[in-house]
Amino acid sequence: MTKQEIEKKVELIKEISGCDPYKCMKCGKCSGSCPSFNEMDVKPHQFASYIINGDIESLVGSQSLWKCLTCLACIERCPRNVQPGKLIDAARQLVERERGGDHLLADDIPELIDDDVPQQLLVSAYRRYRR
Amino acid sequence: MQGLKDRLKELLTDGTVARVVGWKKGDMPYNPEPAVFTSVDEMDDFVYDGFCGANLSKMMIEATKLEGKTAVCLKPCDTYSFNQLIREHRVNRDNAYIVAVGCRGKLDIEKIKKDAKGITEISGTELDGADEITVKTIYGDKTVNYSDVLLNRCHVCKGKDHMISDEVWGESKDTADQERFAEIEKIEAMSPEERFEFFKKELSKCIRCNACRNVCPACSCRKCIFDNTKFDAQQKANVVSFEERMFHIIRAFHVAGRCTDCGECSRVCPEGIPLHLFNRKFIKDIDKFYGEFQAGKDPEAQCPLTDFTFEDIEPGERG
Amino acid sequence: MKYSYYPGCTLKNKAADLDLYARKCAEILGFELEEINEWQCCGGVYPLGSDEIATKLSSVRALNDAKEHGQDLVTLCSACHHVLKRVNDDMKNVSDISDRANNYLALDEPYRGETKVLHFLEVLRDVIGFDELAKKVTNPLTGKKIGAYYGCLVLRPGKILEFDDPENPKIMEDFIRALGAEPVVFPYRNECCGAYTSLKEGGISQERTKLIFDSSNGFGADMLITACPLCMYNLNKSEADSKIPVYYFTELLAEALGAKEGNS
Amino acid sequence: MQRIGVFVCHCGTNIAATVDVKKVVELVRFEPGVVFADDYMYMCSEAGQEKIGEAIKEHGLTGLVICSCSPRMHEKTFRACAEKAGLNPYMVEIANIREQCSWIHKDREEATEKAVILARAAIAKVNLNAPLQEGESPVTKRALVIGGGIAGIQTALDIADAGYQVDIVEREPSIGGRMSQFDKTFPTLDCASCILTPKMVEVNQHPNITLYTYSEVEGVSGYVGNFDVQIRKKARSVDMAACTGCGECQAKCPLGKSGKIPSEFDRGLRGRSAIYMPFAQAVPAVPVIDRENCTYFKTGKCGICAKICPSKAVNYEQEDEIVTVKYGAIVVATGFDIINLDKYGEYAYNESPDVITSIELERLMNASGPTGGHLERMSDHKQPKDIVFIQCVGSRCDDERGKPYCSKVCCMYTAKHAMLIKDHWPDTNITVFYIDVRTPGKNFDEFYRRAVEQYHVNYVKGQVGKVIPQPDGSLMVQAVDMLDNKQIMKKTDMVVLAAAIEPNKGVRKIATMLTASIDNNDFLTEAHAKLRPVESPTAGIFLSGMAQGPKDIPETVSQAGAAAVKVVGLLAKDKLKTNPCTAKCDPMFCNGCSTCANVCPYGAITYEDQLVRGPGVNETRRVAVVNNALCQGCGACTTSCPSGAMDLQGFSNRQITTEVDSICR
Amino acid sequence: MSMNEEKTEFRPLIVAFCCNWCSYAGADLAGSSRLSYPADVKIIRVPCSGRVNPMFILRAFERGADGVIICGCHPGDCHYSTGNYYARRRMTLLFSMLDYMGVENGRTRVEWCSAAEGVKFSNTMNEFCEKIKSLGKSVRLGDLRCKD
């Protein structure tokens, strides 16, 4: 990515999330709260620094995008109102809005469901994993 | 109107009030004038119709100093001024009896006169009158829609609710059908040169008659800095060119944050200078920069000019 | 009392119990749930981007429908509750979203968040009152030790949903008490069940649900209640040894009110 | 008409090199009012001053303009010089032709031209100057200290030792404050009561100190040097003179054993009786009856304490008493509390008795505390083998749950707690979850390092997300180790929360009464953050201790001493000189609208009904009155005054306008 | 007034109101640091930026000033704690009104300048002078009157 592209993406993440990564004081409460911490390669408390340092490439390439459960625990507890959950969601949006960024294809679904799957799960997963 | 008159007479008779501040018939069918009534007999001249635009709250500054209570007829928009006067300790609330009179908008005689010369009689302008008013002229009768000949200020009516009252008489109507700040925005959209020419043209008409100052409820200083201490007629003659040149802008700043936008200044200006354009600009700026504020709405609210927040915008910023 | 009612997709299918019992109980408790005409799916998740409008429109339509009927809007599903309340908050407080949504919808009168959205439990707490509810219970669930599993979507973000204290909620415990049973408070009641990731990777939800069952079971619960079909699914799929039965809260409500037999 | 003398200084070559001094003299000589003009090498020198003095006498000068350096440099000098020669010092104006002219301009003509303009402006101003007299106000030689914690105690002792009368008003039944609850103090680990109790006794016995315990400030009026303060002495229901402090009553109170009334002093960790002294070393050692809980006051039955009191000191009929006392100065030392933790559900403070705050831990470790100093879990009274400390609970928060500031003392007391526990019970495993360890201060970082190096306390960088009570009674702490990038699930026996500090709840009310300003966090504001840190912007009000901001004991004591010196400095004066450049209201113009009082930062403006007489006016009306002792001369009132009634002496509307005119001529 | 008739270059007349505690001291510091700015700037000392009545500014323009600048302590640093906050509101509204009346933007300015900011003071004055020079002689405010 060129410098301009990075800057553009940083701005986009800030805009989509509505959060200010500079407010982060690196307390780690998000990571201390995250139910999916062990699944993630980039940890919640690192989201803000990745954006501040412009390492968007690593962030959008990270598995964390697909591991966040959107349980909002970090959003509720963040003492600085940085809300890491919103930051990673914005990064996910960035990927999904690009062609081919989908994490779930319609064709995959029949294999994934069983008789009990509630509609809500399908809808949510589809919404989360693709544009 | 008869009901209102009777009620006011009753207040005088039963001793609730010692006098009534209202309007009495003028020498024309369309120019009632503010008046103080101290007896039931005098009350025969009392009138309340569509031409009673005058804001009587300012008269209460002196009236409430007198012995006994004074009843005053206030329209919804006048009550804002009255509240502001309470806030500034200018009127004695305990000495006032507020008859909150209904209002369906007030009439602009100049607009009526446009199509009707030689007026002899006008009817249907009462509060409970018809949607059409009849104008008798020496050239024959004409009818006009009440709502077509309202004062400009009534098109940006602040609402039909009285902010303060002891009793309410009659129904009110919110006559607002225009954006309050549309005029201001129009001027703001002009180039600086156009703006300057516009104001220069308007202000050049001023004859320094002081009507705007004298009618303004916010301009009620015991002693105006524009009056010098010279005796009698000389008083109004301005010795300092500074004051004269800057009169209107200084006056607008003087009432900024306190002006309720009652529009009396523009209504009474004999030269038709749209003086409210200054006051309303301040109101618009205050709303935009510091949050919406309506002077006289809440007598406890802090005036924006004697308040601040740490995050206020810097001078010159455009919000 | 009449409420506009937004059932949502799942309650019409996999979670039909949740819906059915709710309606029956409402009747007994003296209020009516009037289903909104031609409601559309809320989307299941709150649209994340501050720049997304289209995905919020279905919620706005439902909200506006309730407004036009002059009714509060009641919902049952945690996800619907979450999405509707958040979109409503946007319509009320975020002028940019509100303006754009209104521009698109071109309603007769713009919608600015006037509708009040209530979770069914909030109706029980704030309108009926748990004391009153307790009086209507004919078949108290005495002796049952019930854990309330809230999950995430019904509680957070606390400031917008204003459902209950997001870290230490009480509403479902009070509800259980009203039904004559004993609530079991356990710390995992507001922790995530694994959510939608169970579709692609069951691992996380297996791990999460085990923690939830271990904790609730450990504190002595013999059953759990939930308001969320997704939680229900994940909990049911759990292979934890400590697993205990899970019910929709409305089913227990129906049981306590004596409305269950006739239908089940 | 004034007779003005103008003196232009060369300042060696500082001015003369760029400004044609002689030309300035020539050009200003014919300005209106000027009767004399001269120049001199160094106007501020002895010889220069003599020259001025002579000219004043010789030419009968009524006003002076000195064209020289900045008034910030020598205005005082020249004013004194004028006074010496019999001229009112406020008839002197300075034209700054050095800093604002000769030093910044190179072109001699330009600089000379500007110097003349500046001189003319000053001359025009002096023409309108009026002699001003520094006012005087008497000083009541007695100080009030609000709050009887360590801050208030130290301030009172220092004032009293300097020979002045001082009263302490304390809301609680005993002085001592928070410090009396503590076990040990950092960084030296002295026992808190060992160093505090002697001071408390000293306060009680000091001939210059009067104690009002179980009392509150009810109202304040007046101004610096002359405050009138109403103090409500709440009914103790015990005669202070008769009581011997034997303690029989609280021992016999039937409610004492019930545990129904939580002890405030022990933070609710145990109960107390209805007639009680908060703690054994209480000063005064006189109990009070808590009327809300006392059976006698609730039902009219019981009355045991009155029956058994050997000195018949219990008096159920006692009533609140309000006394009014005059003071010259007031010190606010209202202290702090910790925030309410109800909103921090994730830390399970309300759910688990084994999650406690640091102050509760102080009580648990204190030999006089509920457990006799034995550290134990409140749930099962077992000694914890593993303890977790969580830092910054509510501090440094940007949301409404917490406070935006650092509470400053938590890092140090946590290290203290950890070491004390390790000292007593070395096999205890201690983990501290921190965001940053902040230990600036003498011997502070060494102290913290000792906890790590000597006591092997485990410090983990990362905040705790949730404390999860376990079915087996232990606590699971879910946190992160940000340095190892690992999530931690740590099983522990006890969790201690370093809850954020906040100013005492009552301070807002007190600040309002004193018109002392207060910041967004309810801490009192200093007159100047750097240069006047123990004074409130309101004259005569001083700040001591946590009421001003988070600080530890050493800092509190130094601030208390500093506040005391400021108070003594004030009380030492018989009269206060007041700045004569104060606002002045012209009652002829005043509308009595209250606008000026709204903007006055010093509460110097009041309103009274005054008889106003003038052309066409003879009536009694509401007008603004400026208290010259309080007014600092900022002029905010003058600009806010809608009617132009307020003016500022020394910087009047006419004076400034004439300066403008003169410059724009 | 001019003592040098040959100079044809436009020399603006600028009035600066400086509060006694911060900006006036800042100006002194600029002086003792020999940081030059045009002699066109004439400083009037006031106790506080909150003392500056809009009338003074209008008066200056009416009397022929080409620019007026008000300097005060930085927000939060006011010697009298709050004076500059009131000044900020007052000047914000006044400037907006002047702009509205078609008076050139830029003839008025507020700058917060501490006693330590000699450099800033001098830079500000240099900038402001340049700005006023580019605007030329002020006619509009002097002319904004009721009658000639």
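Each chain carries a letter (A, B, C, D and E) given by its place in the written order, and its residues are counted from 1.
Everything that follows uses one rule, which is that contacts are C-beta pairs under 8 Å (C-beta built on N, C-alpha and C of every residue); 3 or more make two chains touch, one makes a residue touch a chain.
Computed from a predicted structure; not experimentally measured.
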Where the contacts of chain A and chain E overlap, which chains show up? D
Starting at chain B, how many touch steps does it take at minimum to reach chain D? 1
Number of hops, chain A to chain B, where each hop joins two touching chains: 2
Most centrally placed chain, judged by C-alpha centres: D
Note: of the two pairs A-D and A-C, more contacts are counted for A-C
Just the number, please: Cα centre separation of chain D and chain E in whole Å. 36
Chain centre separation (chain B, chain C; CA means) in Å: 55
Can you compute the centre-to-centre distance for chain C and chain E, using the mean CA position of each chain? Integer Å is fine. 62
Which positions in chain B touch two or more other chains at once? 305-306
Two-or-more-chain contact residues of chain C, please, as numbers and ranges. 166-167, 191
Chain A residues counted as touching two or more neighbouring chains: 73
Touching pairs of chains in this structure are A-C, A-D, B-D, B-E, C-D, D-E
Could you please specify the touching residues of chain D with respect to chain E in the complex? 70-73, 96, 98-101, 103-107, 109-114, 117-118, 121, 517, 525, 527-528, 537, 581, 599, 601, 632-636, 638-640, 648, 651, 653, 656-657, 659-661, 663-665
Can you list the chain D residues touching chain B in their complex? 588-595, 598-599, 607, 615, 617, 619, 622, 640, 642-644
Contact set on chain B toward chain E in their complex: 184, 187-188, 192-200, 203-204, 206-208, 241-242, 244-250, 252-253, 256, 278, 281-282, 285-286, 289-290, 304-308, 310, 312-317
Touching residues on chain A, where the partner in the complex is chain D: 23, 25-34, 37-38, 43, 45, 73, 77-81
Interfacial residue positions of chain E with respect to chain D in the complex: 1-4, 13, 15, 20, 24-25, 27-28, 30-32, 34-37, 39, 42-48, 50-56, 59-60, 63-65, 79-83, 86-87, 90, 122
